[in-house]
Every structure is written in C-alpha cells, then in structure tokens.
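Beneath this line is the structure, given in structure tokens, with notes to follow.
A, B and C label the chains in the order they appear, each numbered from 1.
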Amino acid sequence: MADQGTAHELPPPSYDAELTEVRRGTPMGELLRRYWHPVGLVADATNTPRRVRALGEDLILFRDGTGRPGLVHARCCHRGTTLYYGKVDAKGIRCCYHGWLFDVEGHCLDQPCEPEGGRRRETVRQPWYPVQERYGLIFAYMGPPARKPILPRYECLEMMDAGEFVEPDDSSIGGGGPAIIPCNWLQHFENVVDPLHVPILHGVFSGMQFTDAMAAMPSVAFETTEFGVKVRSTRPAGNGQIFKRVTEAVLPTLRVVPNPRVAQFARVESIGWTLPIDDTSFRIYVAGRVKRTGDLGRMRSRFAGKFWGDLTEEEHRDFPGDYESQVGQGPITTHSEEHLVSSDQGIAMLRRLLRRQVRAVAEGRDPVGVSFDPNAPPVVFEASNQIQM
Amino acid sequence: MADQGTAHELPPPSYDAELTEVRRGTPMGELLRRYWHPVGLVADATNTPRRVRALGEDLILFRDGTGRPGLVHARCCHRGTTLYYGKVDAKGIRCCYHGWLFDVEGHCLDQPCEPEGGRRRETVRQPWYPVQERYGLIFAYMGPPARKPILPRYECLEMMDAGEFVEPDDSSIGGGGPAIIPCNWLQHFENVVDPLHVPILHGVFSGMQFTDAMAAMPSVAFETTEFGVKVRSTRPAGNGQIFKRVTEAVLPTLRVVPNPRVAQFARVESIGWTLPIDDTSFRIYVAGRVKRTGDLGRMRSRFAGKFWGDLTEEEHRDFPGDYESQVGQGPITTHSEEHLVSSDQGIAMLRRLLRRQVRAVAEGRDPVGVSFDPNAPPVVFEASNQIQM
Amino acid sequence: MADQGTAHELPPPSYDAELTEVRRGTPMGELLRRYWHPVGLVADATNTPRRVRALGEDLILFRDGTGRPGLVHARCCHRGTTLYYGKVDAKGIRCCYHGWLFDVEGHCLDQPCEPEGGRRRETVRQPWYPVQERYGLIFAYMGPPARKPILPRYECLEMMDAGEFVEPDDSSIGGGGPAIIPCNWLQHFENVVDPLHVPILHGVFSGMQFTDAMAAMPSVAFETTEFGVKVRSTRPAGNGQIFKRVTEAVLPTLRVVPNPRVAQFARVESIGWTLPIDDTSFRIYVAGRVKRTGDLGRMRSRFAGKFWGDLTEEEHRDFPGDYESQVGQGPITTHSEEHLVSSDQGIAMLRRLLRRQVRAVAEGRDPVGVSFDPNAPPVVFEASNQIQM
C-alpha cells in the first residue's frame, strides 16, 4: 500500500498577507496606521538624532532645543541624505549636506545655500508624523491626518496603588529574547490569546519558567470584546481555591497580560505594545506600574538559570521559549499549512476581529477602539490574576 | 578595423532550469524525487532533533525510543513552529509550542491542549517521508508514494574482500572542499564524466594531487549505459602495460569513481551520492569498503601539503581544485555561454540522459534505474582501476 | 485642523533608472560604454589574475609574459569556471579546469584536452575588452567596437611644471571614505557640481576639513560646456582680493577638481574618474601631477584629526563627510522625493546633459566628448584655484 500523508503532496505554502504585512498602503498597514504606536522611550528623543524603524518606514526621532520631540522621514526632502547625520538646534534639525533646517512638524526654516535662506522655503515640507509623550514612551500617529484619534489613557497606568509609579521599558520583555525579534508581529500578538501553550512550552519544555500556579493545564474561555479578545483561564490553586487569570489582546497590538510570575493576585500591572518594525521583525514597548526602578527588567525570563542571551546554541534547542517557538514559525508563518483546533479559538477570534477592522478601514469606516473625544475616560481592562474560594 | 569578439556583444546569460532546479514541482526536482537519497548518517538519527535540508525542503531527522528513524517536515502541522525544538520520546517527536506528538510516519498521537488529547487528532498528519537505513546512511524517498521504488543494493558494497566492511562518510569527500559546497549539484555531477580535467586541474595546476599514474592525458571512450554514463580512460603505465580506469555517473546522482590515488588495481571501493541541498548548494554522502575506520576520511585531498580548510586565500587561488573549479562556475553556471567540445562528450551524454528522464517522468513513465522488485539482485558496476599487459 | 504635510501622504518612492543603472543594455550603461574607463593601476596587471568589476561586469585583468595587459570576461568560454584561478604565461591566461589558453584579445591558443590542441579552437573566443595604459592607469573600452574612440590625453596631465610627474591612485580620494563606496556613482558625480555643500558639510558639520579659504559661502555661476558642467565659485580672500575656483564635471565620469586644500593657486592638478562598479557601488581612480610619490594619498581627509577608517560609529555620526552624505542618500537615491532649488542648478544641468547623451546614443549618434582623431590635441580644462585683485 502506498504511503499516506507524505510531504510530497503538500501544496506550495503561502501566508496571509492581509493580516501580516504592515507597509503603508497595505490592508493591515493602513489599519495599524489608524492607531498611535510607541516608537521610543521619552529618553530616546534628545539632541542626537536617533534612527527609528516602524511599520516599514525609516524615521528620525529627535528633540529640539525647546523640548519638543520630532519624528521625521529619514530622507531629507531636498536631496535625500539621511537626517541621522543632522544637527539639532533650538528650532529643529538641520541636514548635514546643504544645511536645510526643519522644525518638528517638517516646516523648512532655513536653506542656507539659497539666497535669503530660501525665498520659497515654505513650499517644501519635510515629511513628519505627530508624536505625543505619555507613560515614559513616545507615541506616533502615522495614519491619515483627518482620522487621528486621541492618544488613549489606560486605567491600569493612571490609577496607582500606594508607592507605585509608571516605568517604561524597551527591551521586549515578554518576547523571550533580544529587543528586536526577527519574525512577523502577528506571531507574537496571537501568543497573547494562546494560554494553553504556557504549561507546555514554559513548563514541560523549559522547566517551569513562571510560577507553579501556572504549571497546570487551565480551563479556558475565550471572548471577543469591544476592542480585542479576552481569555479567562481557571486553574485549581489548592485548599479548594481557584486561580483565575484574565489576559487580553487589545487592538491594534496591545498585550494586556498580568504578571505570569503571579507576584500578586491583582489587576494587570502593565501594557505591552507590539511594534511591527517591518513585515519580518518587531519589538515590544512596555509601560507598567512599579515600586522600584527596574522592576520591569527584573521580569525577564531565565532558562536553566540563564538569561536568553547567555544560552549556547544547544541550550536554545533544549530550553525553547517564546522566542524560539515564534521565530521558529519562520519570518512570516505560512498560514496555508496550519491546522487550528478548539484550543486555538482565541487566535481565530483575533484574526476575525482584525480582518473585520481591515475591511472597515477599506470601506472608509473607523476601526474599533479609536476615540476622538479628548474627554474620554481611561480604558479599563479586566486583565488580572485572582484567587477565589 | 573594429575589434572582434569583445564581451560587448554577449547576449544576456541564462542557465538551464530544467536540468538544475530541484524544488518540488520542478522538472528535475520531480525526477530526483523518484529515487532514494541519503539525508544523513545512521548516527545522525537520535533523540536530538537534527535539521536536514534536501532538494530545497527543510526537514527534521530523529529516532524514536523504539529505534525507528523519522524524517518529517520541519514546520509543525499545527501552528508551524519548527520541530527542531521538539522533544523525542518512545513514540515520536513532540512540538515545543503546544505539545503535539507525531510518530515517524506523521500520525498525531497526542494534542495535550485539547480535550481528551484531541478527539479528532487522527484527522491531521505531520508531513513526513519514508526512510531506510543501509550502508551506514539514512535514505529518504521524497517522491509520489505510488511510485516508490525499492532502495537498491550495490554489489560493490555487498561483496566484501577479506577484512573489509562498509564505512559511511558525510564530509563531501570528492568535493574538494567543505562539507557543504555552494553551487548547483549538476556542476559536481558532470565532473564525474569529465576525466580529461584530471591531468590539468589536479596535475598542472595543483601539483599532482593524485597518483603519478593519473598525471598523463588519457585516451577516453564515453558510453551511455542503462542507468548512467560510463567513461573508460586508458593511460600508458610503463613496461608496455596499460592503466585502464572506468568511472560511472549513475542516475540520479551517484559518483561511482574508483580511488583516484589508485591504491590498488581493483573494482570500485565506494559510491558517492551528490545530494542537492537546494538549487545552489550540495553535499556528498559516501559509503565505501574499508579495512580500517576512517579510511574514507584519509582520502581527503591535500594542496601544497595542506588540507583545503587550512589554505590562505592566495593558496586557494594558486592551487585550485574541484571546489574552486566548480564553485568558480557560479551558483548555477550559465549554460548559454558554454562551448562544449569533443572531450565534453560525457557531459553532453549525461545531460541528454537526464533530460530524457525528466521528460519520461513528465509523461507519466518511470525513469531509468528504478526497480520495484524487492528481490532484484544488487546493481553491478564496471567502475575500476585495472592494469593490463 | 488636520495635520499638514505628514509622511502618510508620500507616494511610493522611485529612482531615475535612465540616469543611474549601468549594466550592459541599459540606457546609461550604453552611454558609459562609449568612453574609456580606468579599471586598475598599471601595477595591477601582472601574471597573477586580478578580479575587476566594472559597469556590472565581472572581468579578469592580467599581463602576459610579453608585457601586454589583458582584460577578459571572468567566466571561461568553455565551461564557465572563473579565470581568476587561471595561470598566466608568455602567451596569455590558461583556465584551471581544462587548460584552455587565451591571449589578451581572447583568441584560444590551446585546448590541451582536445586532439591536436583543438582543431577548431579558432572558432571560440574568450570575451575580452581592449585596454590601454596611460597616466599609470589601465583604461578599458567596453562599448561597441565600431564606435571605439581614442583614449583622450589631458593637458593637465601632459604639461608638467618643474619637478612634477604623474602619479596614479586607486584609493577613492575624494570619496571621503573607503576605496569601494556603497552607493550609486551618480550621487558622487553630482557632488562635483555642488559647490555650496562645501561650507555646510565640510565646514559647519565636520569642522573645516579644507582650507579656511573654502569656509565662506561662495557666489556661484554654473555653465554647461562642450563636454560637461563647469562651476565658477567666487569668495572674498581678504585685502580686497578674490578667490576664484573653477571645478568641472566632464563626461562620462570625470572629476576635474582643483585641490580643495588650496595648497597653491594654480590650474587643476589631477583628474578623478568615478568608476561605476555596478548600480550600487563605485570607486574613484585618480591621476595627478605631484612632486613626491604619495602626494595624492596625503590629500586624504581627516575628521576630528582622524582618518575615516579610524572613526567610531558615533564619530561618523558627529562628523559626516562626503561618504556619509552620499551613502546616506541610499544605495540609489529616490529622485521622486527630491526638491531641487536654485543652488542645485549644476546638478540639473548635468542631468540634462547626461540625458541628452543617453538619447543621442539610443538614436545612433555619438555622445559629446568622444574623438576618433588619433592626432587630437590634449583636452584643456579651465579648472583651477586662482587669486585675483
């Protein structure tokens, strides 16, 4: 009898471009551009130009002498030299090649090689994006100006417990590896609504990376919410108690995940934004309530007692974590070869929700989760670790 | 008078895709997939997953706890994470991400995140390929299941002389360089039926790499056989004796080449399989009759007294060998620019034979050299070094 | 009010292929091939084959035993192995693979694996290009043989002042960085007719790299000449004197630029040829009148007292020069995003002149600046640094 199920009959693999590609003009790229995204720490915007790559675009971040942060297209609008080599002064950033000076909104203030500093300099504009600073992060809006929403506030970062303050982090905590992770952002974002991998990947495979309470296989309920997908996991906690954990994936890219080390039974402490750098890499910015500077950094995972960057190649193989399982899906996973099952319900819900928003934008409507009301109250999440009788 | 023959008039170069490209679905790819190919040493299949790349496909080789070797598609059929990070147990290999367990034929035995380990787990199958172990090598069949031939036996590896045994080697002996060689496999395979390069490349250019008997320009006769191309080279051997050498290129990729160091006048000692890793790299597996472990490795060429890996860049230039001459043709040589002559007759014959088989497969027939008879006798080669009066 | 001028509305960028791409068969590639280009130093052609890449073609430069330099297609016309591994003898270069011997004009003199050294060897020809040696450089003509012009002589390299001789240099003096510069050649060539960047880039940004006389913003007049674009810059020089500087960009790629360190007020000392290696890299060959060997090399720029190769990444950012400003435009700048202004008049003139020549060639005419008269007098340039009352 002939062999069954061999790889010879596999059709050519393909990936779902509508959900994964992020460049300007792509369906998902335009959906993502309807929201604000963190592109750096507040401390990253200084008088030294800094390279930023976000949603496939090369940009330069700086802060002028009056303290205003600016985010401009990397190529000077005059002759294309990168403004990375520019000099920042009180009024803006000046290109190294012919000295054109641009303010944080791209206005050209000086063309020193032209008569009178450029009689028609107001007719050119350096392409720029609006930015706002909040929670220690710099957020940019890269979408159509007429649809710019408010930058949301979040209750979990506004309402402090005693002694708490908000700390930002740009090291891709939660990515399980280096700051820049070489695979498509959606592979990471989907992981947020996949609680069942935890006892396998982070338990059986790596030795328990988190707390013992996370080692048990949970009972899980999935739910599509107003602006994302919510996962309720329930595990027995001894003494007849029940450990309830709620995590949320919130559009466009928010990880609303309570501490997996379950240091406390409490509402979620932090928000992580999954920034697509381009189609095949991403990084994670986090803002969280802490009591000591560096608390977020202390959440970094260890594998066999070591940090990820200290593992040998063999140890990466023997103790795989989030980085290995997600990057191990390839630069962009080939969705045509997947087989989703009932425990992947959260992923299916998230894709459907994203796809509906992609189509809403294509049809001229606003996607979920954007607000144009400057007096909108902070967004409240249910995400938490709780213990119940 | 204007210059003649300048490069300005060269047409754009092209290569012969029908003969060179090896991916699934290409003409040559499908021809190659009608045969068994070595993809590792027997010792490579262990409880540690091992990456294998063959014919442009990424695969994982392992051996389950009962001793059965398995070769599966690298991407888990669930969500695409590579099984390189998997764990092997008695029954098969388990993906690191959600713990799906597959046996060596891709059956899904467990889905631990699903109720009852997956009530419908039998509806998914990890893509796999059948393997067999022989001559210290693991052979895989990557073609259509209904056309799977027997794995051939070879008389030269079955009939031992006194004290001999079969030893495998995966270091690309005969490639003249590293284990993985960065050019198209056909550039190497054609070299087998090109005896006239030996006194030039391996004599004049490198200093004689082989035995003195090989230094003379031979008289050569070429012949298309039932399953390949045979080359008979004749050289004077002193005292009125004649040194006769027969080498064969056998489909799909077999090098049947007696020891060029002519340690003995005898039938061929080894077979080399030229495994196309993808369109632009290959490696060579060898199995040969030896009297001492490591005899095959001791056949590695030296250049100016050094091994290839120890040469400086200048020494590679000054003492070119098989690696330099074949990789020096480019990743895939541009056949449109070639000028074959009478001494290239073996190459022309081999290409015609390959092309006929490509077309046979396209027309639904079997290519030469495959057998479906489990009782077929071992294949006998004429390849040998002989001395005659 | 919605934001104005944000990068969201940028159309997809594009570059001007007609002016930038250099491969055989492209518009600019064919224009460039109507002229002689330096491809090495005279000292580079020896009995050791040397790799040369010019206008996107891989070539081998050598010198036969009679002293004649040869430039041939890298791939042997027999089976495609690179002649980099060839051996040079009295008559030519011999391929390592099958020993075919070619003279400097590609005639096949021997096919040692063929009967009688190849009875039909005269029917094959190794693709080659004519070369000439002058000013310490080897010039090649890579265009249609019937349109081969004379190799021009230049008055500035023919008429010596007392104690002067001509020295060649291949280190890309004037490129501001390494010998091979990773961006399109036109980004560099345009820089020659852009005198206004000097006080900005080389003054304000890098600290004055040149002489104080160059620090002032000049008055500039641009002029399209018979074979290029001429720039006359005028600066006050104290004591009522005027510093006049003339630079010229001459087709196809000549930098005719008097010493920017203004060591003397005199006619131009050197010519630089901008050789396009391929579409995204170039190098500069220079020949100049000097009094001491090494004088050209001593013109290399310093940044903060250091040579370019000794700068840290931060110092490259803080002291950008020609390399940073030109490579910082990208591998090929995206012309669609430029905004040329009045001070870019030289660049606009040069592009128009180049475009007219591209079209002349396409229409079967000769471009400007080629001569077919072996008795043509040397070309005279006005380029100079002068001081006037």
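Rule of thumb we're sticking to: a residue touches a chain if its C-beta (ideal position, glycine included) is under 8 Å from a C-beta of that chain, and two chains touch if they have at least 3 such contacts.
Note that the structure is predicted; figures quoted are calculated from it, not measured.
Comparing the contact residues of chain B and chain C by number shows a mostly separate set, under half of all numbers used being common to the two copies.
These two copies of the sequence, chain A and chain B, are related by a rotation of 120 degrees on CA atoms, to the nearest 5. Chain B and chain C have Cα centroids separated by 46 Å. Annotation for chain B: no residues touch two or more other chains. Looking at the complex, you find that chain C touches chain A at residues 2-10, 12, 196-197, 200-201, 204-205, 217, 317, 320, 324-326, 328-330, 333-334, 337-344. Note for the complex: chain A touches chain C at residues 24-25, 33, 48-49, 57, 59, 72-73, 75, 77-82, 84-85, 87, 96-99, 105-106, 111-115, 118, 120, 124-130, 142-146, 148.
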